[in-house]
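What follows is a pair of complexes built around subunit A, which joins subunit B in one and subunit C in the other.
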Partner chain A sequence: MRLTLRQRQVVWAYIFLSVSLVFFVVIRWYPTILAFNISFRDWNVFEAGGPWVGLQNYQEIWADFFKPRSAVRAAFWNTVRYVVLGVPTQMALGLGIAMLLGQIRRFVGFFRAAYFIPYVTSFVAVAFVWNWLYAPQSGLINQILQAFGLPPQPFTKSPNQALPAITAVAVWRSLGFTVIIFLAGLQQIPDIYYEAARIDGANRWQIFWRVTLPLLNPVIVYLSVLQTISFLRMFDLVQNMSEQGQGGPLKSTTTVVLEVYREGFSSYNMGYAAALTVILFFVILLITIFQLRVLSRRVEY
Partner chain B sequence: MPSKRITLLLSLLTVVAVLLAACPAPAAPAGEAPAQTGAQTGAEQPAAEAPSEGPIEIEYWQYNFAARVDAMNQLIELFEAENPDIKVIHNADIPYDDFRDKIAASVPAGVGPDVVTLFYGWQVAWIDAGYLVPLPEDAFPPSMVAEEFSPMVQASFVDGTLFTLPTAVRTLALFYNKDLMEQAGLDPENPPKTLAELEEQAVQCTKMDANGNYEIMGFPVSMGGQAHHWFREVLLRQFGQQPYSDDYRKVLWNASDAGYAAWHELLKFQTELKTGDATLFDGDPNFFLNGRACFHIDGSFRLGTIASQAPDLNFGVIELPEYNGVKSTFGSYWTHGITKKAAADPRRMEAAVKFLQFITSPEAGSLWVKIVGELPAQLSAANDPELLADPKLGAFAAGLPYAHATFFVDESKDRQALIDAYDAVVLTGADPDQELDFAVQTVQELLDEFWASR
Partner chain C sequence: MLMAYVLLSLGAAVMIVPFLWMLLTSLKPATELVQFSFLPKQPTLENYRLVLTTSSFGRWYFNSLLIATISTLSVAFFDSLVGYTLNKFEFPGKNIIFLGILATLMVPTEMLIIPWYTMSVQWGWHQGAMQYWGIVFPGVITAVGIFLMRQFFDGVPNELLDAARMDGLHEFGIWWRVAMPLVKPALAALCIFNFIGNWNAYLWPLIIASARAYYTLPVGLSFFRGESTTQWEKIMTGASLATVPLLIVFIIFQRQIIKGIALTGLKG
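Right, the complex of A and B next:
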């Protein structure tokens, strides 16, 4: 059978695509499906494949959720707080900085690099540096506060401040990425729209609300979905910034993923841990679908 | 209709993927297969070619702690000289925080240790996980353990079966910084012998700046460190409350007013006396190593850390302060067990048993104490007059006869319950008694769950 040039190109495209597909199937999908399987078993890590217990792990999580001072409940609520606090801050700052960067003509490269460097730095290194900055007495931030006569703050040592303090680091760390994507989005908007708006007598504020923001919609959707997922999976910073990685003080910073890790690798309840990941998987799935549905709007002028 | 075709293709691929993934779904064979092949390619192949001739390799794992690594390297060298047909691979690259995770991740993959060192408090979890095998009775008779080892080693028997044996044991004692005591006008040769003296001297030793920041902490109570042990096995007993029922089925911390009194005593240092906050100055044990704290409760293992990281620290060690005429200390130990991996192959098992016998001998104990600073696990060595006279180790050795080792179902959750209770009082001003009750309830649930499954 002779294939046309076009057909041959398509065949090759599929062949190349299948390579990465194999990777995804083996590295991503297979473990995911296994996690579903494990979540129905009473499995501690050492004995591979425990007995099938049906929904028992899910029932336990449900029961634990309503216990007084439940770690699971704290984990879910904290995760929601990380998202609610982190995503909007990240987006607003990212857009603001991207717009400022769009205005300057000198040192553009330097500023872009400066904002992007934290993003390519390891989370653990970031956590350690910020632990020093946040240190209750000797930390730089508290020294500055005290130099201005302000009282020192406990930051990660306080059940009230720890979560915002860690969120701030997460925002700071990923800001560069958000800025770069917003910059690209801003540059995609053709100048003629701005010119047209200005000719029509629109002020800056109107231009921002009526032109920039609507035309940035695809970028905003993309970033908000991505950032939400990343905040929902918050782990590394909490593991490295809370006392002994326990999500404290008083469970105030623990997250779902941290509980997964603790149940799985410290108490060896793999089935329970897997059930938590499955729940998180569906939470992420639902939120993402919701975001795509609600936020995506086709804007054309 | 390209989109239709793509949808079809994608759904086909999904089906294939699901089938692929679902085939070995029970995962048991998938997880264990590499274990067997690993063992075979690792050590058995030479054996197959020349049966029982070639040297057998066994793997020994412990967490990374410089002095322990050094001591174990020397022991392995001695052992290999005595047993040329056994080669011991020493893996000590794993940081303490990751040790259990690494074990949990590697053992199912068949790359774990044959002989492994674990905290005695983890035994139950590891045994329940089916990870450790009982020590063979002919090589390790229970009567020998009872006669020759320190009484706290009885904690190595779980449900009457011996699972592990230590090289060394340790107790808690009070470290004091002589220079800071002198600066505060205290006599460095007269460190506190009673709780009352500790309170008094800790207050006198504490220094604050004008803003109310600690410059020197008299006595920071470190719950993330050893203070939770101090509460369970020392303060409670001194105030007249046994920590657990004899059969370890009931948590008794709040069973009497004495229990609450012990709890208040623990809290008092930070809340009333304001002698320190253990989260400051890089935390425990760095506040002591950096010379920012006068008194500090810690184990003998800290001697090695101080020697290497703060060699100029001018400090002494004394037995834990007594109260009501009661002396008590917490005893604990890192202990060695034999894994399922070794037990799967008689030759490896034999080698593992030999190695374990060697590293739990009195000779190993006396080498260990010199390098690591932990006390030998054998009674004979612990009655050593030379050891008792040692200015640093003596205080720990003196504690051996009255040391209690707690039986833990899940040490980290038990500890976390006390840390949370302490934090709730210190950070949020919660009612101390209610917090203690809640911690008791949490730990009681752990015990109930554990005993229900027996």
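Right, the complex of A and C next:
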């Protein structure tokens, strides 16, 4: 049987797609559905299946939330704190550095690389380096503080300071990425706008608020959503910067994902852990939908 | 202008000094850690000798290298093949398939690790050498890569592909020998990111690799801390061993990496 050119194309297309289609169905779609399924079950790793318990896991999470010294409540509120502290800091520093980089002519490549280096290194190594910098007595930061006559700080050993200290490391680690995206965004703004603003007598401050920021709006939305999601998923740093990886001291640094890991893979409460991930999924989904809506809105200048 | 240089230099110091401090600490004997000095007074490679001989760092290097390489080769092949097909072919179901792949981007990995784990246990992917497969399988094809490659194949003119068709080259050959060479820069960026991402991956390998011999470098490093608590010179040696290869990769491919980030970041 002779196939037409068009039919041959269809056959080739499906041959090319075959392996990947199987992959996406088996390794992505099926586990997504399975995650929902497990969240409705009393599932222990060692026995396949586990009885269907309906919303029980979700009810348990809700009840645990209001218990005294609740790990789940700490996890949720800490995660919110990481986002609220981390995202604005990241954005402000990133934009500031990108604008400074836009002003200079020499060594641009060097500075860009310097800011970007932490981004390619592993969170675990970064966590250890900062544990060492934050160390109570011999740590470099406390040595510097003492050299200026300031009292040494406990940083990750203190329930009050640990979360901001870890947030600072997270910001430090991903700053380079933010800078590069802002730089690219700034370069896309045509010089004509700046010239026009200058001719109209605008000062630097006015140009920043009236020209640069509005024109950067899509980049700002994109980056803040991306950063929000990455702070919502905090795990590697917290696990490696708290004692025994438990999100301490006193649960002051634990996150939703760390609780997922502890419930699922230390306590083997797979159903409960899966329910936590489903909640995380919906939060991230809502944020992404928000991003798509804002970005698809036409902005007139 | 001068102010900009001063501020940027201060910032750059904050970015670089931690790495410098890590390397310097790794070169110090334990006794020098208490008496504070920036440079090691008697620099020594003893820490490296100890860490490399008493820990499984060699094995972890091999594991990370193996996993990052397998995943990158696979991603380079499948992501570009699928991206090409979704860009250059017309066939029923095309849009549904593309949306079905894109939709997976909405699902965070954290939600998949529990199902992946139960699946792996069921299929024996958590035992013995199968752990390699267990670690690597979620990342052998990526939706982001498909999305990027699909966009980059836009730049390949259809006339060129048709000309190759006239000459009697089969479709696989057209993709491999005509289209692929034209998207090399994009492919290189994808490969570098994928390699770095897999080299640094932590949560999933931590869960699936149950035997020390199958740890990847970050997982091994994480457990290594427990073994040498507060022996900072050893921990910093481990951190240096995990970091330095990536710094070298970064210095070599700096331009591609930063260009790739700017290119892909703005489109994503």
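Convention: the second predicted complex is superposed on the first by the 258 of 301 C-alpha atoms of A that agree within 3 Å, B and C clash if a C-alpha of one lies under 4 Å from a C-alpha of the other, contacts with A are read in each partner's own complex, and residues count from 1 in each chain.
Everything below uses one rule, namely that contacts are C-beta pairs under 8 Å (C-beta built on N, C-alpha and C of every residue); 3 or more make two chains touch, one makes a residue touch a chain.
Just so it is clear, the structure is predicted and the values come from calculations on it, not from any experiment.
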{"item": "Combined model on subunit A: subunit C and subunit B, fit or clash", "value": "clash"}
{"item": "Partner chain in contact with A:68 - subunit B first, subunit C second, else both or neither", "value": "first"}
{"item": "Partner touching more residues of subunit A, whether subunit B or subunit C", "value": "C"}
{"item": "Subunit B versus subunit C as contact partner of A:265, first or second or both or neither", "value": "both"}
{"item": "Subunit B versus subunit C as contact partner of A:280, first or second or both or neither", "value": "second"}
{"item": "Touching partner for A:152 - first (subunit B), second (subunit C), both, neither", "value": "first"}
{"item": "Which superposed partner A:290 touches (first subunit B, second subunit C, both, neither)", "value": "neither"}
{"item": "Which superposed partner A:38 touches (first subunit B, second subunit C, both, neither)", "value": "both"}
{"item": "Touching partner for A:136 - first (subunit B), second (subunit C), both, neither", "value": "first"}
{"item": "First (subunit B), second (subunit C), both or neither touched by A:172", "value": "second"}
{"item": "Subunit B versus subunit C as contact partner of A:246, first or second or both or neither", "value": "first"}
{"item": "Selected from 73-81, 109-117, 127-135 or 307-315: the stretch of subunit B that, after superposition, runs into subunit C", "value": "109-117"}
{"item": "Common interface residues of subunit A - those touching subunit B in one complex and subunit C in the other", "value": "14, 21, 29-30, 34, 38, 45, 48, 135, 138, 245, 264-265"}
{"item": "Touching residues on subunit A, where the partner in the complex is subunit C", "value": "6, 8-10, 12-14, 16-17, 19-21, 23-24, 27-32, 34-35, 38, 43, 45, 48, 97, 100-101, 103-104, 107, 109-118, 120-125, 128-133, 135, 138, 140, 143, 172, 175-177, 180-181, 183-185, 219, 222, 229, 233, 235-236, 239-240, 245, 257, 260-261, 264-265, 270, 273-274, 277-278, 280-281, 284-285, 288"}
{"item": "Residue ranges of subunit A touching subunit B (in the complex, touch as defined)", "value": "14, 21, 25, 29-30, 33-34, 37-38, 44-49, 68-69, 135-138, 146, 152, 157-159, 243-246, 248-251, 264-268"}
{"item": "Touching residues on subunit B, where the partner in the complex is subunit A", "value": "9, 13, 17-18, 20-22, 25-28, 30-32, 97, 100-101, 104-105, 107-108, 125-126, 128-131, 211, 213-214, 224, 277, 279-283, 340, 410, 412-413, 416, 419-420, 423-424, 427-428, 438"}
{"item": "Residues of subunit C that touch subunit A when the two form their complex", "value": "1, 4-5, 7-8, 11-12, 14-19, 21-22, 25, 33-34, 36, 78, 81-82, 84-85, 89-92, 94, 97, 100-101, 104, 106-108, 110-119, 121-122, 137-138, 140-141, 143, 146, 171-172, 175, 196, 199-200, 202-203, 207, 217-219, 221-222, 225, 232, 235-236, 238-239, 242-243, 246-247, 249-251, 254, 257-258, 261-262, 265-266, 268"}
